[in-house]
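You will see two complexes here that share subunit A, one where it goes with subunit B and one where it goes with subunit C.
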Partner chain A sequence: MSILSFYRVELNRLLRAKMTWLIIALTLAAATPIITGFEYSDGTQFMNFMGVANLSGCVGGGILFVLLTLHELSKMYEKHVDTIVEAVADPARLYCARVLALLTAAVLAVTLTVVCLLPYGLAKLGYVFEAEFYFSSFALFMLCSILLSILLSAALYAVTRRASVSFIIFLLLALTATISEKFSDNHFVKWFMPQIQFLSDDFGNSMMVWLYSYSRLIWFCIFGGLFTLSILGIRRYGKGFFGSFRANLKHVVLPIIAIPLMGAGVYAYAHQPFYDNSPPIDYDTFYSADEEEPTDLFLLGTELDIEIEAARGSLRGTAVHTVENRAGRPVLSAVAVNTGYTVEEILIDGVPVPFVDLKNDTNGEKEIEFTVPAGDGAQTITIIYGGRYKMWAIHKGWGEGSDGISPRYVGLGGRSLYPRIYVDRAEDVHTKGRLTLPDNLTPVTSGAINAVLSVDERAGTKTWSMNNEGSSMVLEAADYVQRSLTAAGLNIEFYYNRKHEAVIEEIGAAELMEDVINFCTELYGPLPFSEDIPLKLIQSTAYGGGGYASFNMSVMNESTFSPENLGDLEIGASSQEVLAHEIIHQWWGLFAHCVDIEDTWWTDEGVTTFTTYLFVRDRYGEDYANQHYVEKWEAAVSDMLENFYYRNPQYLDILPEQYVEALEGRDWGVQMYDMTALMICNAGRLIGMDNVTEALSELYETASSNYTYVTFQDFLDKTGLDREEIAIV
Partner chain B sequence: MNLSIHNLNMIYSNGKVALNQVDADLSSPSFIGLLGPNGAGKSTLMKLLIAALLPTEGNIQMNGEPLNKREAALRSKLGYLPQRFGLYDELTVWQFLDYMCALKGIRKNRQEIDRVIADTNLEEKRKARISTLSGGQRQRVGIAQALLGKPELLIFDEPTVGLDPEERINFRNLFSRNATDKIVLLSTHIVEDVQSVCNRVIVLDQGKILYDGSPQGLLQTAEGHVGAYIEQDYQETPAGCKVTDRKFTAQGVTARIVGDALPDFAQKTEPSLEDAYMYLLAQKEMTA
Partner chain C sequence: MFKLYRYELKHYLTGKVFLILAVITGVYSWFTLTSDTILGVANTAPFSPWSFGGYLASVLPFCLACLLALTAMMYSADAKLTEEIAAATPTEGRRRALLRLGAIYTGFILLLMMIVVLALVFYYRVFGVMNVCSLIAPLVFTAIPSLFFVTGFAMNLGRINSGSIYALMALLMLYGLVSGGSALPGVLDLFGNSFFRSFPKIIDGIDPAFSVPAGMLISRLVFTLFGLLGMGAAVRAFGKAKRG
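Take a look at the complex of A and B:
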């Protein structure tokens, strides 16, 4: 009989067992966030629902199905059913069929999970729900983890023939892959519990899907090979492992399949196409990396023509640098470019020149060397390049990083957009050109507003202009809605994802931005943007960290606009106030930083929370602000100070670690937000709010122009107050 | 169907010699009783015949081809009930037999299951979970699964253990009916079972065949070597004899003995197959 015939029989039997349905029910429970109660505090909605469901489903479902696998495989021998069954059925085929039936049961468990969680998911995710990602995430994360766990545990059992030993080895391997420090920064080892830290609601998760599809491919090859090889260990003729192995070797097809399969997995692991080979950052040289050696080359301008192939995660383009070689001799020069790109040709004044790809992956880029001949006046260096974007290896630990090319989001900066040449820069350099994107993506680049130059309906692309006063260019592209605002003399372009439009409109985000920017500009001074070009406020992917500013672009993480964040009463009393808080971070967090190694609670959050209070007081009046802010801070701080463990920290040692972490986390939040804001308020009561804001304004100006940190002592010095005067006891 | 056993040796990894130079030829139709004391090698021989073990030396041929190259063909012709076996407790009797039908590749499974359920008197238990069955009922399920598909080779290792006397007789008759066109190999300690149904007896001891022939032939070897006498108090067993049975009678305890030379006070009697078997073993002991 064929394996498929056995499979039908085994599946039939498996689905008649109560144990199977118990495991399926427990797997469903494990993946239900409302049961596990686990939640990311500041994640996106996808992360809080699908991320959590998948992670707990991977671990819970994986372990449960390993137990079922070992139970099913060992039961036959422990109950001596093998003496009957293996007399009429080939044990190796039966083993394969049984494992196939278990894999099918796992598919059934995940399918039931997906179906049962669907109504809850629809209600929880609301407008961000995406059917395709909902189904594919469960298939990619939860299902694959369970399937891999079954394959591995079955292979272990075939070798050891001991359920307990197999389970222990499985746990060791799963734990090693999940929590070992050695693999903490390596997505490709996370076969059991994927390292999902971010999932985007609005900007797609293609990169994560690609990454884990590849990772799953690696491990299915390796575990599939192991499983195939383990069939040779199926006991026959009353022999032990080695005797059976020898006897089974007559099935030469097994090692012929298994060894190349495992080899392919190892090869795929070693040659993964997503991350480069940059070594860990050397912090001694990292911050001086931009201090380039003088080359006697002067950049006069850069012209770009770039086409992004978002669906393939790649681009191709031409960068034309106009330079002057003022050395009077040929100069060895180089361009730095993303490690995934290939430079196809370099032409100087239209003539191809030899070049060398150094393949020296460092800090997410590599160098291409060539010689610029001696010459008078301007020379054009044309670089034709392209390829699939590679992430800097440093991002292996936490996801994609801010850069990337994917169907619904493109974020490219520096050498990831085009090859940048090492030169002694000249003044008044412009970087401009054309950018072709799929027509669902709207680009936002440094400098002027991007205008549509042409539309190719057949190809489904649009070509846009780019123009930046500077020698670099940063690109953010997504399905953006653009809103033009004016505040504090600045032209502001607010770009947010179309998927988020209803929320943005509902909370009046655009108008609020104008108000906050006017208020803060008056309070602390202007943001360092010129009036000629607009300030671009951009909602960006959750993968990009908190946000960043570059030229006239200020980028905010999408979770800023998530319902969880907008409803976080720790930050503000309403969604609008939370958003106001986030915009105030443009001053405190982006251009001025509050950092103090002595008083670690002194962070941007405290000053920003205090400023939010001022804004709210200005808008809604003293009573409202006191009720929703000052009184809340006082209550939180009082609660913390009266807490037994805060007053007697020596007793923390006897508490379980999870309670200690929860208490410390709560205290840290109270100190960072409530206590700091209250202390600044106390300072205002003593010397007047105007004097406090004046002091903060001066601190902001100094910090933002000199790139220095603002410490608590700086604040005390500037206000002329003593620590004890404003301290809360 | 024909199974030829040539020069079969089986030595386990612990050095125990289970079979030593065993030769036999089994052809259908035949009902073979396999007798021997514990550890004689009966179960080992059966496992070798179903290819659950590989011999250390020698070979078994099925229809002229080496058995180890015809494992799939053997499985399709085999019905096997091991001495020690388990069943899937979560299934009902019918479901388990359906499962075994599928493993055996039996297509008209409903008819076949109904047939073996009727043969093994399990009608009332067909929907009962196996976990609820008694030891005897489980044994019957084991027999039923072996009979599925009317296999050409039926091997039963102690099949009537746990069955009450009536069931034992029923099954003896059932096995007998099944032996009309196939090879039935029955290993048992109960010589009576063999005597009533088998047309051939193989006696194994310490891995060697002591006797291979008809039950009548075995009986003939013991003729004149079986006697009985009224046992006196504390009377010792006559030298060179072995007591095979003791019965309380009106005259006292009647001892039944086998031996090459019977004592004068023993009255010669007709041998039973059990006497013949015991005589065979006693002869070997005495030779040793």
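Take a look at the complex of A and C:
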């Protein structure tokens, strides 16, 4: 009998067994969010339904099907009928057919789960529901985890012939990959329970689908290879593992398939195309003030022409930097660009020049070196570049980055939009140009409002203008609705996803943003924006962490705008904090800067966090603000100070690098946000909150009008306090 | 009787199964020490009794899953076949069950000793610390109630359906996985995972000495008592079934 004939018989037998249907029913139950009852407090609706269902389905379904696999594979031996069965059936073929039948049962279980959860999903998600992602998420996460679990456990059983031992080894491999700190910064290891922390309701999840399709490919290769190889271990002629292995080796095709398959998996793992090779962050230099070496090159302006192929996750572009070489000699220069892009050509005044890609991945970018010849007056450096966007390796642990190019969302900043040249910046620099995007995406870039320049209906693209006063450009693009607001005499353009339109109206997000702007304008003074260059408030994808602010843009992630998070004060301060925090950065972070070379933790983040507290205190009262802000800061600072490694830094030397990085990152975060805000709050307790507010207001005015930094000592001088009175470390 | 005990020891502990389980437990324990315990628990030192308790709470579900693998052997189809022959001997069924339980417990103690020795080696090699006495309290607090409770539960499950022991193994591991990150009340916190990770933070002072609140102690006693009752019932049933 062929494997196919055995498969038919085995599948028929399996589907008649009560045990199979019990396992299928339990798998369905495991994936039912009503039963798991777990929700991410500030998660999106997709995350709290499909994310949770898939994660619990992966673990529950995986383990249940492993139990079924081991039960089915061991049953014949436990009942001592193996000698009779194997007299008429080839044990290797029978083994393959059984595993195939089990894989089919798993497909059936997940299909039933998807069908049964569909009405609940439709009711719970409402307008957010997307059929394509609903089905693909279950196929990619839950189904693949169960199939991989079956392959691995079958392979283990074929080798050990002990159900208990196979099960324990399986649990070791599955759960260690899932929970161990060792693998927390590498989601490609998470074959059993994917590391999903965010799913976007409005901006698409293509990046996640690409990532996990690739990850699944890796593990199907490895486990598929293991399974194929394990067929050699199927016992024959009453021999043990090694004897049977030798006897089975006559099927040379098995190792010929298995070894390249596993090799392909390992190769794919080692050469994944999504993340770069940047080393861990050195926090001592990362957050300190940039003291760049003078280059004797002066930038006069940048002209861009960029075309984004969102469906492929890539872009192509030309960046023309106009510079003046004031050194009077050739100068070695460089541009920094996203590590996934390739610079194809560099021309200076139209003449191609040699360049070297240093491939020195650092902090998500690499450098391309070339020489700018001596010359009088302006020279144009034309850089033709393109390629598929690569994420910074720092994001490898949580499965997604804050930037990226995907069909429904594009977020590019820093050196990801175009190659930035190292120069001494000149005054009155403009970065402008053209941006071509698929016509479903509306761009929002730093500076002026983007206008449509041309429409190519055949290609389905639109070309937009970009114009920013400055040497940088940040891009956010999605299917945006643009709404004009006014607060404190300031023009505001609010961009939110079309899919979110009804909710934005319902939750009064615009009113909250206007309140923040009114509050800060009263406290620190108006922002110097105009009708041409308005303040842009932008809703962004859930993958983008909290948010950020850049030039006239304040960007906040989509979960900030959910009715649950914004409407319910009892949920805590996180969502409103993000919203207010990113707007307040327009004052602290963009027009006035806190930098201190001595006290490197003194940054804009602390003052911004404290101002957020002031806003919440003003809006909801002191008790609420103290409970949700001050107590949180105190707990975070206390946790940091009490940590063993903080108290005994000499032991840090023995820790693996990844742990040192994680601890330092956490400490930096606490010091910059919580500790600084708490110190300012302590100052308020000593001299009165009004006096501290007034001091900050004066510091802001001086720093924003004179383009100077505010140091911690400036703050102490202004408040008349001694360092020892408020310092925590 | 000692001869029979030696036979049971040979049956359960000298086969490939126990050897493989011991190797896997050792690998998992060392992995836990070098990847998780090294960070310390609740801001205490990695070699504090709290961190050691956290380590045990992480490893014990796995170690107990190994114990369940041995318990599953006790209720396997093969064991049932040999039991037919053993039942014909003058040795009482209850006594045979106790002998098997003794052999399984010996296996568990060996695994536990290995886990503790690995921790001591790790502490000495990495931190230059060797304070055995401070680790005894968390060892007793964590290992004994969970051992009795899980065995009592598993023996009764195995009596009903030997396959359900595997489900219990999975539940144990999942329970161990979930309990570390949640604030479980003492009565549900079988391994003390949640307790070790949260209680030191609410005691005043840095690096607090190991202490257990009365409620938690009572819950340990309840787990132990339930376990002993379960074991007693299973052993009695074992004897009755064979006499019948």
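The criterion applied here is as follows: the second predicted complex is superposed on the first by the 536 of 729 C-alpha atoms of A that agree within 3 Å, B and C clash if a C-alpha of one lies under 4 Å from a C-alpha of the other, contacts with A are read in each partner's own complex, and residues count from 1 in each chain.
One rule holds for everything that comes next: a contact is a pair of C-beta atoms (placed from the backbone, for glycine too) under 8 Å apart; a residue touches a chain by one contact, two chains touch by 3 or more.
Because the structure is predicted, anything quoted here is derived from the model rather than measured.
When the two structures are aligned on the shared chain, A:122 is found in touch with neither subunit B nor subunit C.
In the superposition on chain A, the chain among subunit B and subunit C reaching more residues of subunit A is C.
In the superposed pair of complexes, A:452 makes contact with neither subunit B nor subunit C. When the two complexes are overlaid on their common chain A, residue A:643 makes contact with subunit C while staying clear of subunit B. In the superposed pair of complexes, A:165 makes contact with subunit C only, with no contact to subunit B. By the document's definition of touching, neither partner reaches A:256: not subunit B, not subunit C.
In the overlay built on the shared chain, the residue A:83 is in contact with subunit B alone; subunit C does not reach it.
In the superposition on chain A, A:63 makes contact with subunit C only, not with subunit B. The residues of subunit A shared by its contacts with subunit B and with subunit C are 79-80. Per the touch definition, subunit B reaches subunit A in the complex via residues 13, 47, 50-54, 71-72, 75, 78, 80-82, 84-91, 95, 99-100, 102-105, 142, 145.
By the touch criterion given at the top, residues 16-17, 20-21, 24, 27-28, 31-32, 34-36, 38-40, 43-46, 62, 65-66, 68-69, 72-73, 76-78, 126-127, 163, 166-167, 169-170, 173-174, 177, 180, 201, 206-207 of subunit C touch subunit A in their complex.
Subunit A makes touch with subunit B in their complex at residues 1, 5-6, 8-9, 12-13, 16-19, 75, 79-81, 83-90, 94, 237-240, 247. Every residue of subunit A that touches subunit C in the complex is listed here, in rising order: 59, 63, 66-67, 70-71, 78-80, 160, 162-165, 167-169, 171-172, 175-176, 178-182, 639, 642-645, 647-648, 651, 654-656, 659, 663.
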